[in-house]
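Labels A, B and C are assigned to the chains in the order they are written; within every chain, residues are numbered from 1.
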Amino acid sequence: MAGCCAVLAAFLFEYDTPRIVLIRSRKVGLMNRAVQLLILAYVIGWVFVWEKGYQEMDSVVSSVTAKAKGVTTTNTSKLGFRIWDVADYVIPAQEENSLFIMTNMIVTMNQTQGLCPEIPDETTVCESDANCTAGSASTHSNGVATGRCVPFNETVNTCEVAAWCPVEDNAQVPTPAFLKAAENFTLLIKNNIWYPKFNFSKRNILPNITTTYLKTCIYDAKTDPFCPIFRLGKIVENAGHNFQDMAVEGGIMGIQIKWDCNLDRAASLCLPRYSFRRLDTRDVDHNVSPGYNFRFAKYYNDLTGTERRTLIKAYGIRFDIIVFGKATVLCDVIVLYCMKKRYYYREKKYKYVEDYERGLGSETDQ
Amino acid sequence: MAGCCAVLAAFLFEYDTPRIVLIRSRKVGLMNRAVQLLILAYVIGWVFVWEKGYQEMDSVVSSVTAKAKGVTTTNTSKLGFRIWDVADYVIPAQEENSLFIMTNMIVTMNQTQGLCPEIPDETTVCESDANCTAGSASTHSNGVATGRCVPFNETVNTCEVAAWCPVEDNAQVPTPAFLKAAENFTLLIKNNIWYPKFNFSKRNILPNITTTYLKTCIYDAKTDPFCPIFRLGKIVENAGHNFQDMAVEGGIMGIQIKWDCNLDRAASLCLPRYSFRRLDTRDVDHNVSPGYNFRFAKYYNDLTGTERRTLIKAYGIRFDIIVFGKATVLCDVIVLYCMKKRYYYREKKYKYVEDYERGLGSETDQ
Amino acid sequence: MAGCCAVLAAFLFEYDTPRIVLIRSRKVGLMNRAVQLLILAYVIGWVFVWEKGYQEMDSVVSSVTAKAKGVTTTNTSKLGFRIWDVADYVIPAQEENSLFIMTNMIVTMNQTQGLCPEIPDETTVCESDANCTAGSASTHSNGVATGRCVPFNETVNTCEVAAWCPVEDNAQVPTPAFLKAAENFTLLIKNNIWYPKFNFSKRNILPNITTTYLKTCIYDAKTDPFCPIFRLGKIVENAGHNFQDMAVEGGIMGIQIKWDCNLDRAASLCLPRYSFRRLDTRDVDHNVSPGYNFRFAKYYNDLTGTERRTLIKAYGIRFDIIVFGKATVLCDVIVLYCMKKRYYYREKKYKYVEDYERGLGSETDQ
């Protein structure tokens, strides 16, 4: 009991600290301070000035809408003279953060449900019914084989299929692209961002932009870096690709909008930066569905009431709009207590403090 | 060689530690312990109790489906009496994490490919053919100019264009909104979340919710905070906006579902929290395509077999459903070794330990 | 003034360091070194070898396209013999990172705007007009009540509604699924990834894959782990579910593509890993719109010019493609200065250094 008290007393009322040797040496003394100075410089220079580590961060919340404009005409033997506007070449009509513009197409008109010969290829060409297995449907066939071998044309016989007839012949893609004029179509991108932590929101149509300017401007990295209207051709070009090449088989373009804002400075300095990048990589070695395309159909009933459709294999460019960025705000308490990086500053500061304080011979708060 | 051994021996068999001064002073001793106590309190209080730093975190993986319900009628000279249901006003029929509901529209019926005068505006009005450049198509024109100047009506002449005729006249948006009744439509949101690390999954239709309740309930922050069925009008209202205003020119609403779960407690306490926010900002200064709208067309063939379409400029509200949240679980080993924050606790603990141990006069494990 | 100088001189030209006791004890000495050795081993072993903490990280940027293939036939009294191809069962035709495939449906043909009796249920069955409130439209009704009570069939009377007539009868879902053959349809997923920091990009169609292989292969975790073509049935099966069950009422499948790449090794070792998971949870207790379905309509005009539509309630599986992963690259400077984890290594190293250096009796750089 008494021993216990003694221990407790010792624990409470005693204090031990290393004995210090005081070396009176200019060389060592100066060297010591120099080292401390370096550390101090490092902390202030690197951590605070360079890494802006004293700021609180927040990531962006955003909403995007994209709207295409432009109209063009085509004149082909198959379709005759035809005009194309937004409702014709944007499919589907609306998407979130994304917009598809059809630049090329293979149209198969007036399809009806029925029986017709397949398009000739190594698997469909046949000598006799023996070559055609009834009910079979390979991944790439247009319909379900009936088991009969019928003439495709004077020279070739192919297996008959139950399908939407006539079946699509996508042997070759139209070159140049059917809607090559899409190069001059424009894209208006409206982007609203919001930094929840600081409840700071802004849009890419900047307040100082006039309506008249918006009516005429086209984005250009140099001359019009804040015009939210983009020429399709320019987008692809900025990404280092050729629109007409891309238009033939289609592809995917990324439009990146970067919002890095230091909210310590004026909000007017928080500006969007646009960059462009082709997201799909054309691989010349693999011609299995290169580029970007998909099929859709317009359905209607003819006079006899039978359902017909126009099948369209649409090639085109999908524009994915990707918004990212962060906002920073100075906040001192945060530096030491609330931030992810606090260990870093604490350690740094502490190291400096330690040396300094030891200079004064106390170590309690080490 | 011998010298080398000596050095090695010294390196191996010697141990140096600072000499300690033991100060028998109640004041200093107590102060010392007090400081240590504060640090200890800080570590336990702040890090563990306040920051819950001893828990492992995981972010949510989620899937969302949204389904609208509601039907309304309109009666206009142009369209006559007409009924509108889901298949009419949800475009496209399905999207990922998003749903668009048409609230207003400009319909241009029975368009065919042909030649017709442009809608009069500063650029299209003309005195003579000289004013119209053949083949020109500005960003905002509805077609490609033929170069002729033709009467638009008794008083005005405009340039003729090859276009879908008659061209759309979107001079003014119908006010009030055409489908203003959409305010009473409902949205059923089904959201499944999954925390991969803990393989914990849950849905926003809570187990204690009965089918009968689901058939009748409408979300209300106070009375029905867990009903997954939302009245469109209420969503907009909760975001501090007016549905009828928003319905005219359209907009984008964010429906945020927050899942912050402390899995140390009962799973039944892991609940979704809904919040609403308008993601697009109406800017009165800029009337270049305010709100949210897009164009789409319904195509059909008339008796003569010529293709016709009904062009619809659809204004409406896009509901983007944003799911976020994190789950936490106690895990002790993790605290010291596996966690992002380990440095913090180690440093803290260590600082305490150091002082304590030095009290016992050993520094080896510093 | 003089005193000030003295203080300054003392501050600059003096240096104090703890006095050291040198203990010549094999036991203590060895123990000391052993402890240091352990720490060193820990640092190297755990931090560097195990946690790969010396590497810089980057997250993936990706683009995804999905394309379905497959054709099937159905033969029902209602629709007769019918063939279904991609344009029929993929709705909408294109989406970002997602693809919906219709597996089941309730078709209501030849709907026109008009008046007709509701489908009988507890709310719509009526004795007299008194039971039907004119103008009322509940959430689940197909139209707006006219207030009349009319015969639905010989036995039952229901309230008349202004609606697209005849109204849809979705009493029961076809079982087995209408397009059960969808189990054998295939999905070609093209995924391009990009690690901005290292400007490293790759696609899931690996360079060593030949076109002929792509034409025939089907993904299999064991035999063909890198074939980007998936059989729908297999996807669902791999997620531990039954396709035919899922096809009836629909659902949501997640296809996860993981790209974890250590770019210190050959780029050819940076490979995609596929995993599958059902994202929606079927909850037997709640039959309020289970699974996944939506409604859409095909519009057309009949001979008399009146607008008609075929309403389709589409049940099906939505495939959400989720890409994630990170790349790491060795970088030494980064280890100590630029990395998130720097505190960790600094602390560790420093602890070792400290002990070592103290062995040399200097503490200046502590």
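Some observations on this one:
Throughout what follows, a contact is a pair of C-beta atoms (placed from the backbone, for glycine too) under 8 Å apart; a residue touches a chain by one contact, two chains touch by 3 or more.
Just so it is clear, the structure is predicted and the values come from calculations on it, not from any experiment.
In this entry, chain A maps onto chain C through a rotation of 120 degrees when their C-alpha atoms are superposed, rounded to the nearest 5. Two copies of one sequence, chain A and chain B, touch each other mainly through non-matching residues, since under half of the numbers at the interface are common to both. Each chain gets one centre point, the mean of its Cα atoms, and the points for chain A and chain B are 16 Å apart. Multi-chain contact residues of chain B (touching two or more other chains) are listed as 18-19, 92, 95-96, 300, 303, 343, 347. Contact residues of chain A toward chain B in the complex are 11-19, 61-63, 65, 67, 69-73, 81-83, 85-88, 90, 92-96, 186, 188, 190, 192, 194, 201, 203, 205, 207, 209, 211, 214-215, 298, 300, 302-303, 337, 340, 342-343, 346-347, 364-366. The residues of chain A lying in touch with chain C in their complex are 18-26, 28-33, 35, 46, 91-92, 95-98, 100, 113, 137, 139-144, 162-164, 252, 254, 277, 279-281, 283, 285-289, 292, 294-297, 299-301, 303, 309, 311, 314, 318, 320, 322, 343-344, 347, 354, 358-359, 361.
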